[in-house]
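Every chain is named by a letter (A, B, C and D) in the order it is written, and numbering of its residues begins at 1.
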């Protein structure tokens, strides 16, 4: 497996390139009996889609997903679910100018060295277009987790460049193109992005994601900890450079008295841990954050070399997001859903004999 | 597999509890022909071992590793390498006081909910003692990577609580008990730790780790990216709450012009990316950092509940590190080595047909 | 993963049901640089296709495969290869008569008990139509093995019911609809099949498969032996009930002096072992045979029960092969190719340091 | 993973060589709460042990297994179970005579070509001694399956060379050194073996194995079928050359009317299928048979070559079983237990939502 699958019992495999005929995914391991139609997945796909505001790429992608298998009379059957998105906006653009060029910050050079061949059209396999399939596959996990366990998963933009954003109002997140949960800052975001776009530069971002309503005990000790698998899943998203759980890097500066979450019969007093202890869920919110680098494709010229090692200047002219972090919110939600789903199936496979009854420590409700 | 294995072609499986008869590991997939004896592994084990200075736990652990298989006449045979460390310091301590107690910040509660049974002696399976086996297994990967590819892997303490530490002098790292690469700060560290120990509290830390001399192209696209697998491996270390590659979280505040690493015929101009692009190694240093939370076992009392949900006070009296981050440096090195080794084997399995010749962009030399 | 993938480095995942919109496969791990077009795969698909003679099902299947990804300018890129076959002959047949019935010898009952829901149209996921994708995926492995290693893989019908067939003439295999390598028996086969078809009954078969030109050393010791993985792959084909390597079950009646393959400087004297020793290839032909049960769908009525446990009579009226074994030959070739390809990649991943030079014992040439 | 692990949720990894310090296994994924001590495993180990009658090797092996982890106060904890068997009978025998020789029928040549180095003492990693650990690990699965699901697993000798043996009396199996279930044939077996031993030759065997009491629905469709995984597991046992399920190779000569197992409200009328349909268990006995080749180590000289390709004569002088098939019965039981256990955990992980109630077709009771 050259790395295009994730999950052990709930396994998602994706394929497809930015400018090939189609992209697809296979979701293997979805339990039978879940009501599922394309429209259940389309909502999240549309949230990820470019072109929904002036702050994201104006590229038009036909993110219409088709379910090819694994569903019968509206319910999953336990068979693998094939998902397909045809590429319809494969503009007959001429990519020959970059066919021999290594764009800084892109995978051009590393793919070239690894494979000796490269589908350079729109980034090929390394294009973020692949994440559309993650969102579709994650939608299945999300629906299951919500309907069967009452788990809710939600993401938000936690920082756009220098602008830090609080998690103030969940309901606001889907009312603005930034996935911003602090509506009073929308004006600042608009101005910042307008300025950025004019400058031809790009900027990084931080995205937060949270799952509420999980039972305690999900995850596995040692290597397949829930937090380690979340770190893997989020870091596998294009442009992500850092992942933290709970207080994350801030924990390094904390004292033990400050960080340890004390417990009373009413529940955990705080949640510095971010919902996991020893790699297993505690029943509190699982909270993670990921940092995304600024888009590498910018209008400002940069130095590079071509496949012969000759110096070259790179200027991007296409339709690119000045901040890829914005559209990453639904992807983070999808990846978290995939990890949690996988761990739920693993957990009950191995621990269904355990009568754990009502959790000793009251957990946060999911709905 | 309930999660005690890591790696696909170079696979490390660990077993054992803090106070059981022994801990062990199986390293499956090591190429044949590598010269290997116990003494090759003991050095790193000793670096991780507690009790080497007054700043770490005074617990004495008999970290003597035995190689049980996979080596014949001093060389690896391609068969799985069994490693064993007997527990000799299983003091007949009475753990009954914590047998029904959930210590805050520990895995007590989550193990209890997951398994309905818990080996409470010294943390059982969740004890950091398990990481000794990671260090031993990682030592095999390190030796191979160094001898066959010229790769050097090194860690350092990047922050101890509020004290940030620069990577100034590699050679100093092994000359002090802090793995500090900025010798002029040793006095500050000593004072800080002495004060901390007196207070009965603990503190977090940041550990950095770096691999130099890698060929470009290691890693797999999409889910099994090199950086995603590093994030997984580091986040699987006890107490780690955050992982970043290259500029990590700082990338979120950067502009594209600042972050993208320009290229000239002489090589990459900068290394904000931390040595990976598109999930594959670039040939530059692979650089990662991880944040560790403060030790949960502290002398200052804290509130908790017992397995019946009744309130209880928790006070730790044992021999504990006031900063677990210090001894985590060799563990981080080991985990990085395991990930790189696995990706090297996968890479050449799938790409050995590619004649990539001399890398187009000169890479950093490893030795 | 609910079991729809095979292979560790060369991984094939299939999806799709007999009467859904499409079936597909993802081939992950194919090395880059292999010349590949749909027409390279179509040949084997046509060999498996029903309706090519009066001795197989007259069902018409549109086995036109499309490559959706992983190929650029006619060469594989190292990215996953998406394959798709649309279902065009989904006759609007009414399957309601079997929707609540468990047909003897079919997976109806076991799927019902496992999943609580069943796509009963044409067997759903348990239909042999799924094997078309295996043939397509296996075609990629075959092409690679042939071009890079000079390996040839060939299957033949070794028995049709009571008629045992010798491996006499390779070149005859593709000249008759039975994959028979003993042309003088074709008349017997025709008569037998005509008689069988008239009777409304079905019959079992044995299929042989062979790989020539392998280097020695492929396979892994202990669990992932080459022969064990071949047994797994062949037994995973619909209707297969037995698998043997080399002399197989006949070995049980042999003496050691008879079975052990002596060696001279000119090579192995015999090949009772079927090309593997200790789970690794010897360089001789790898030879396996598989037994297929008679088709369960026959015109002669049989007793069964429905989903309520009520007795029912089952009579098949559709278009079915009276001997499913005949069309299984290309499937066996495909599965062998997939296993060998996977082991080749694993082998060189872990053993590329070994300079094994010219094999000590001359091996059989592949081409 | 170079192939020393089996199972996905219930994973067994073995390590160790015939003449190294120790052999071991890690059993990862055993559910918590199972009562377990060494004595639960020792019984099966003793059944496999050589030297229990004059018909098996007179070698004395110290098959005393120690549990190193994963058990606390007599119950499994969900943590990996480390198992260890020290090698005590490592006679200081001189193996230098075979150090450069490829014994016919052994893995000597293939290991040499694969690894370029070989632990030649007693077969090294390819020694059947490794199977002791499979028996120990399988004992855990067996105990769980029996206690939790009421499943009984039993093996028997189905043929010794030309002597076919019926499954007549379960209770007789453990009363004789042949695992023979037809006590009236014991005299024939004794005479045949005495004659064989005198001749210096060896002979093959067939071993049957059966699981009774399984619920329907275990297994996964397509590649990870229950029967395919059984074929893999049994074929991975040293010396096995063929595997069949139910009627196996006899199915090839059967008509559909003969083979299909009709169903009445009282249950399946017959069990030609061997307890699986479509790769899933039916609730009937799962029945498999495996063919073992004759021991390769015999006293009668044979031709071979050495590592330089020079001709050489091979004569075995050590203590070897004239029929390795006899002692393979407990190994077959162990492998079947491991496969069933893994599929049980996978099944309930993915299908625990399905309320399948009482099976529609009454199943065979297990106890």
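As a working rule, contacts are C-beta pairs under 8 Å (C-beta built on N, C-alpha and C of every residue); 3 or more make two chains touch, one makes a residue touch a chain.
Protein names from UniProt, one per chain: A, B, C, D = Chorismate synthase.
Here the structure is a predicted model, which means the values were calculated and not measured.
Asker: Quick check: more C-beta contact pairs at C-D or at B-C?
Answerer: Between C-D and B-C, the larger count of C-beta pairs in contact belongs to C-D.
Asker: Over half of the residue-numbered contact pairs in common: that is the test. Which of A-C, A-D or A-B passes it against B-D?
Answerer: It is A-C that repeats the B-D interface.
Asker: Among the chains here, which has the CA centroid at the largest distance from chain C's centroid?
Answerer: B
Asker: Using mean CA coordinates as chain centres, what's the chain C-chain D distance in Å?
Answerer: Once rounded, the distance between the two centres reads 26 Å.
Asker: Distance between chain A and chain C based on Cα centroids, please, to the nearest Å.
Answerer: Computed from C-alpha means, the inter-chain centre distance equals 38 Å.
Asker: How many angstrom between the C-alpha centroids of chain C and chain B?
Answerer: Chain centroid spacing, chain B to chain C, equals 45 Å.
Asker: Give me the residues of chain D that touch two or more other chains.
Answerer: In chain D, the residues touching two or more other chains are 1-5, 8-9, 14, 29, 32-33, 78-79, 111, 114-116, 125, 221, 346-347, 350-351, 354.
Asker: Note which residues of chain C are touching chain D in the complex, please.
Answerer: My answer: residues 1-6, 8, 14, 102, 104-107, 109-116, 125-126, 130, 159, 161-162, 201-206, 215-225, 227-236, 238, 241-265, 269, 272-274, 276-283, 291-298, 300, 302-305, 307-311, 325, 346-347, 350-351, 354-356, 359-361.
Asker: Which of the residues in chain D end up touching chain B in this complex?
Answerer: Against chain B, the touching part of chain D is residues 1-5, 7-9, 11, 13-17, 20-24, 26, 28-30, 32-33, 66, 68-70, 72, 75-82, 84, 111, 114-119, 124-125.
Asker: Show which residues of chain B lie in contact with chain C when the two form their complex.
Answerer: Answer in residue numbers: 8-9, 29, 31-33, 78-79, 148, 221, 345-354.
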